[in-house]
Every structure is written in structure tokens, then in C-alpha cells.
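So that you can tell them apart, the chains are marked A, B, C and D in the order they are listed, and the count of residues begins at 1 in each.
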Amino acid sequence: MLDKRTSIEEAIAQITDGASIMVGGFGVPGTPFLLLEELVRQGQKRLTIIKNDANESGMGVDLLVANGQVARLVVSHLGLNPHAIERMNAGDITVEFCAQGILAERIRAAGAGLPAVLTDIGIDTLLADGKPVIEFEGQRCLVEKALSADFALIHAERADPFGNHTYAASARNFSPLMAMAAQTVIVEAEQLVAEGEIAPDAVHTPGPFVDAVVHLEALTDAYGVVRRGNEVVNRAG
Amino acid sequence: MQARERIVRRAAREVRAGMTVNLGIGLPTGIAAYLEAGMNVCLHSENGVAGVGPAVATERADRNLIDAGGAYVSTLPGASFFDSAVSFALVRGGRLDLALLGAMQVSASGDLANWIIPGKFTPGVGGGMELAQKSRRVVALMTHCDKGGRPKILQECTLPLTAPRCVDRVITDMAVIDIRGGTMLLREIAEGVSVQEVVDATDAPLTIDADAISTF
Amino acid sequence: MLDKRTSIEEAIAQITDGASIMVGGFGVPGTPFLLLEELVRQGQKRLTIIKNDANESGMGVDLLVANGQVARLVVSHLGLNPHAIERMNAGDITVEFCAQGILAERIRAAGAGLPAVLTDIGIDTLLADGKPVIEFEGQRCLVEKALSADFALIHAERADPFGNHTYAASARNFSPLMAMAAQTVIVEAEQLVAEGEIAPDAVHTPGPFVDAVVHLEALTDAYGVVRRGNEVVNRAG
Amino acid sequence: MQARERIVRRAAREVRAGMTVNLGIGLPTGIAAYLEAGMNVCLHSENGVAGVGPAVATERADRNLIDAGGAYVSTLPGASFFDSAVSFALVRGGRLDLALLGAMQVSASGDLANWIIPGKFTPGVGGGMELAQKSRRVVALMTHCDKGGRPKILQECTLPLTAPRCVDRVITDMAVIDIRGGTMLLREIAEGVSVQEVVDATDAPLTIDADAISTF
């Protein structure tokens, strides 16, 4: 199969100003911190970031926010990140909130080539503002539009050069959906293994969805850090 | 006993063997500690875990395994991991038997407000709407009154709703109240609390059958 | 977790006349032949069967058709089963054809609690007849209704008593979708393993979706038979 | 050379290294045998396999591993299995670089008919519509004329369509024809066939640049 291994610099250099980027992860697990740090280093601007949350203040997506690279966030919540809430309230970034499972379905719909899905989740709430409502078989439904992106940044536990990969535990979350929904899918992998080492039955995201595989030589503290009040504990590696 | 502990202890009794249950972020998370040991319950966490086990100290934690509240957790034998679409399919598809959710306000008809205080608290709803709207049974947990002593059970919620007509039962530090067809039925009162005190602290009409009210 | 082990008789006895039943499998792999044979034995009538195909003549779903138990089939094709086509043409059974991937999405939508999805697949073809068309953001779309069922009959390679299970190779196909979309989900398993033996990362369908687990003591020839012209070869076991 | 072999040999040259490709049921399945050995191609089968390898004799087959046509197959290193929703997400989401599909009729504007002959052949469409509508490139394979010698490339299809305006190229035993913006462009003719024979056997206008036509 095609060898998609790429350097982290080249992978991220494909991203242009104004791009929309899906970022895997729910809190720390699954967040591709090193891809995000390279994006901070390269400095692309006016980005739209689609992620469940904006990480905690001072890490992951928040580094992009702090660096003024983010124009817009699409998230289910910012509960872990008072800094992002501050920036939102100051009008520095715009934030679109989605119900978490509907965010997942909108991303999945894009990956599945469906223009939209119908749902009654959030109908008649603030989150339905501006969304089309139709009647379907006697039930009022929101029409939730597919959410695609130019790029997806994904963290894998293991990947092969073709892009087949697996996720560890709760690090899976939005990643398999995003890996189907973006134009260009960049996967960072803790372990790079030969083709065939991931049993076909064990693959979480199949190689054909992936465009670039970046092997991480080592993890940084971010992958194992969870802040609890003033306590910072390193669980990386 | 502290108000929170009283609520959580009582709420733990809502969980029955064989159920698949979601414990919402905040107050409900504490319920896990009060479940009967070895009870056949499958705890669901919306970040993609079924079979959540006890919380784990940071130094022994698996960095990839947290619950939706961000706490390091373990898994029980029979656990599974899945993506966020499957996780909410489980909720919306009707496979979640019970959600125990923290509340800010609950209305007489079972409306739930628990996600936003416009201008003050605007973190986004996370998975709260799906849990409130689609769990087979929703039990809301909160202190009966706010810090200023004002009732949080109201004729109509004043905060934006998470979901309308979704709450089946409210458990507070003062009472257990069932909601059926737009009516609030006082079922239990906390030890040391009188029916009149509950009525006074509630800004919605309560149906009361004094003989059927037990104490918790 | 809850122990959902059940005898095959009890599991199938839950099915009543007139029930709708999803049946996993694409051709032979994934077809729960023993559950189907028990259903033939018990004889429930006026069934709606939802499956990718109706198996080959003389096996699987076709036994139900031959036994007069099927009122309606919802399939993507009957290409393997001239007998079912004959019965359809004779008016003995009604058949609803769906595009294969849209059949998958309709089933998945039911499992995901979505009333419908929008798609342009099959628009302006015979398969769109009678389906609502709406305009969404300038694009004409079919509204494809979620397809649920009273029961799903699923074949697993391995299952634990709680219902966590895995599929083998191309036997996966529609099963994970159906196992989410039916009111009552009955899984037959080649191997029954203890809880925890299937690693949480390796589970294909999580236990909470499953209602009954039937352990197969042995497979029958059907599981390994593929007819090629007059050649019949046993590959079971 | 038989017509079928001629078509399949030529069609194999459509497959390029690095592509993800679906070989439709019937005629196109035969292409696999003509692909360059060791070529980096990922063959997709809509029953949930990427990385399909050579067909396997029944006696050595894995009973759980078939392709969408029902043939026992093997997998190559780097293969993956997935469910039918993911399989068609791959197709509809634009990850399938090329589909080689059998055809009954193709129209001048690229309409494809390959699934039903009303009253005669009504097996259902399987995954054909998605493959035709959403693959990045669709190459239709068929004999140039039917058994009665009647053209199958038509101004308009007479059979119900699989998908309108989806075919990029038609490969027959007589010719290779590209379809661009509603125009049919004759690109190649089979060895021993004249341009005039192709024109006579085609019931749609062909744009012909005689100097640019090669032989296959």
C-alpha cells in the first residue's frame, strides 16, 4: 500500500491561513499535542478549529488561541478552558456551540457524504437558534448540517505507513469521525508499525481515510499532564 | 450530614442491578462511591466508555483513560471503548436506562436547566442535552434552594432550558419529588425536614399524600 | 455486568407474528444461520426481514421465505437468490430495495436516534420513488427515513455474557449497525468468553446494545457453504 | 483475444499506484488478475474490506472472508475490515479514487445503466448507485454492442439509470471513449478495429481527432 509517512513540518505546512481544522481529543486523551505545537510554531492564521473542547488553559488548542491563530471555534463546551471563555467574551474569537453527540453526528455526516441529518436534540433551545426546522412524519426536527474541514489532526496509539491506526482507551472519542470528514487527514502516531502488524479486525480507522502519518519519536509532558487546581502531575511516556 | 452527601447517598439508591447508567459531571459523579460493591451496573461515560470502574489516583492512572468529567478512572471486566458517535447513539437510541444529572433549576412540568447562566456561566452544554432528552429515566440532583435560600424548583425555569419535560424525579437535600404528566408529587422528605418546610422552599405546587411520604 | 446468556429457544421465542427483524450478514459471512433455523422451527409468520440480501436459495433467510413466514423483505439486492426473486415476481412477498450504503445509513440512523438523513444517492432513479425530496442549501436531497426493527439477529465470532462481541473479517458488514437499531438484539456467538477477555479496545459492538447472548455449541454446514454452480463445498468449522 | 479479455486487460491499465479502487461485480472483478504484481493499490470491497488480495481456492478459504461478489479472497498486509456504513462512507466521502464498473448502457452525457431490465432482470442495485455516483473517477466496462449487434453506447439510455452523468470513461472491446461535459471523445481503438467501425457501432456522436487516437 501507499507509504504516507511524512515529517511533522511537511505535514503541517500543508495548512494555509484561513483553513478549517478538526482536532481529535476529549480533554487530554486523543489530543494531538505535537501536531498542534508545530502549528503554533508555523503560525498559520485565521483558523477555524473544530474540537470537542479547547483543552485546558495553556495547552493544546489553547496555545493556538493564545497565539492569536484562531478566528473561530466549533466545540461542545469550553468548560476546561477559562482562558478561551475569556477570549470569547472579549470578542477575540467566535465560538459555535453544538450538543456533543450532534457535533459527532455532523462530523460523521460529512465523512459519510450526507449533506445533513435530522434530529430533535436541542430543538427549542438556544442551540437551535438559526437552524432550519422541518416537519418529518409529524415530528418537528432540526436539520443539522454536515460539518467538514480542510484538515484533521489525529493522535493514534499505533499506525502503519498506509495509515491504518488504532486509538487507546478514551483517546478514541471524535478521532475516527474526524479522520473520515476532512479533506486531508494527518495522523501522529506513538508507535509506527509495519503493514500487517495491526490485524485487519483490530484497525480502528482504515488507511484509505488517511493522507499523512507522522511518527512521534517521543511524547511531551502535555500528553500526560492533567491540572487539578495547583497540582500538575506528569503522566506522559 | 452535608447537603451534598445527603443528595448523593439518596441518589445512589436510584441505581438498580442490570442498568446502564450515566452519572453526570459534578454532583452525580460522587454517586459511584455509594453504589453497592459488586453491583451489576454498567456505568457509561459519554467520552466513549461503558463499564467505568472506580477513580484512580493520578500516579497510577492510565493517561488515556478518563471519564467525561476529566477524572482518571479504571474499567471493570466487560468494559468497552467506542467513539463519540457510538457513545451518543447509545444515549439517543434508548440504551441508557438512567441518567443522574446535576441541575440548576427544575420546573413543575419537568423542564431542566443545567447548562447556562447567560452572561455569567457559558461553557457550552457538552453532552447534557442528549442525556436529558433521551435517557429512559432522568433524575435531577440539586440543593433544594440556592445559596440565597431561593427555591430552584419553580413553576417555570427562568434559565434557558437544557431540555423541556425530561425530568422524572428530583432529589434534593430536602426531598424526593416525582414528576408525572406535569404534576409534582412529593415522595420522600429528608430526616429532620417537615413537609411544610419543603412546601415553603418549593416554588411550584406539590401534590402531597401525607401517608405515603417516607423519610430518607 | 448483567449476564445475558439465553437458550436459542427462549431467545427466538420472544419474536411474535408480524415482527420486523434485522438479520446481519452479507452473503454467508455474518448470517446467523442457527438463529434463523430456530425461527423456521418456531414458525412465526408475517415477518418483515431486513438484510443486505436474502442469502442463496435454500439457506438462511431463504428458508423463511420458502416456509411462507416472510411478508416483506427490505434488501439491497436479491442477486444470490433466484427463488426469492421468483416469489417476489409471483407477489408472494413484497420487496423494498435500497441502495446498499443507504440501507446501512438508514439502519444506523435508527440506532443513533436520528429520524432521517439527507442524501443525494439514488435521486431521480427508480429507488427514489415515493421518497420525500427537499432542497437543502441549494441541493435537492432525498430524505431517507431511519429504519428500525423489533429484533436484530446477529452472528458474532466471540461474545462475553454481557454481550460485548467481535466479528470476523467480512462477517462484520451490517451487524454492528443492526445491533444498535433494534429493540431487542439477539447475538449468537461461536465462542463465549469471560468478561474482560475481549479487550475494551477490541470490542466491535459494546454490551449495552445487546439483550441476549446465545452460545453456539457447534456450527452447521451453512456457515461454510458457498454454492458455485453445482459445486457445493463445506468450509464450516 | 476474446472481447472480455481485451476489455479487462485494457481496464487494468486504468489502475495506478497509490489508488484506492473498487472493482465492480462481474467483468471488472477479472481486472485484479491483470494488475502489475506488487503494485501499491488498495482494492476496496463494499462488504467491508480494504486491501483485498488474490482470490483463494475454496478449500483454502477463510469462510468469513469474501468480496462483494461472493468470491473467497485473501488480504494483503495493510488490509482492514470495517462495517457497511464505514465502507460506503469511504465511497460517498470521496476516498475511492476509481471505480471500474460493468455497464449495460452508457449515454453520451455519461449516464450509466447497469442494474435493472424491468420485467426481466430485477435483482436490486446493491452498492452500484453509490459507486457510480460518488467514486472520484468512474470507468464503465462493457462489450461495445449487445449479442444482437445493437449499440450499448447511446444518445440516451433506454434502461433505468444507475446514476446520471457519472461515467468518465468507457472501455469496450472496440474502443476507449472519454466523456467530458456531455461530449464523447474517441481516445483509443482496439487492434484490428477501424474508427469507422467504432462510429458505426456507436449510437451517439463521437468527437474524433484521428491523429490523437492510439491502439490498444
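Odds and ends about this structure:
In this text, a contact is a pair of C-beta atoms (placed from the backbone, for glycine too) under 8 Å apart; a residue touches a chain by one contact, two chains touch by 3 or more.
Just so we're clear, the structure is a prediction, and the values are computed from it rather than from any experiment.
Chains that count as touching both chain C and chain D, per the definition above, are A. Steps from chain B to chain D, minimised over paths through touching chains, total 2.
For the pairs A-D and A-B, the larger set of C-beta contacts lies at A-B.
Separation between the centroids of chain B and chain C, computed from CA atoms only, is 36 Å.
In whole angstrom, the spacing between the mean C-alpha positions of chain A and chain B is 29.
Between the Cα centres of chain A and chain C there is a gap of 33 Å. Contact with two or more other chains is made by residues 105, 108, 112-114, 119-120, 167-169, 200-201 of chain A.
Residue positions of chain D with contacts to 2 or more other chains are 49, 81-82, 85, 88-89, 91-92, 134. If touching chains are joined by edges, the resulting network of the protein chains shown has some other shape, matching none of path, cycle, star or complete graph.
Interface note: chains touch in the pairs A-B, A-C, A-D, B-C, C-D.
The touching residues of chain C, counted against chain A in their complex, run 105, 109, 112-120, 132, 134, 136-137, 139, 141, 143, 145, 166-169, 200-202, 204. By the touch criterion given at the top, residues 17-18, 20, 40-42, 44, 49-51, 75-82, 85-86, 88-96, 134 of chain D touch chain A in their complex. If you check the complex, the residues on chain A that touch chain B are 26-30, 52, 75-80, 85, 88-89, 95, 97, 99-105, 108, 119-122, 124-127, 157, 167-177, 223-224, 226, 228, 231, 233, 235-236.
Remark: chain B residues 45-49, 58-59, 61-68, 70, 72, 81-85, 87-89, 91-92, 116, 122-130, 133-134, 160-164 touch chain A in the complex. Remark: chain A residues 1-3, 108, 110-114, 160-162, 164, 180-181, 194-196, 198, 200-201, 203, 206-209 touch chain D in the complex.
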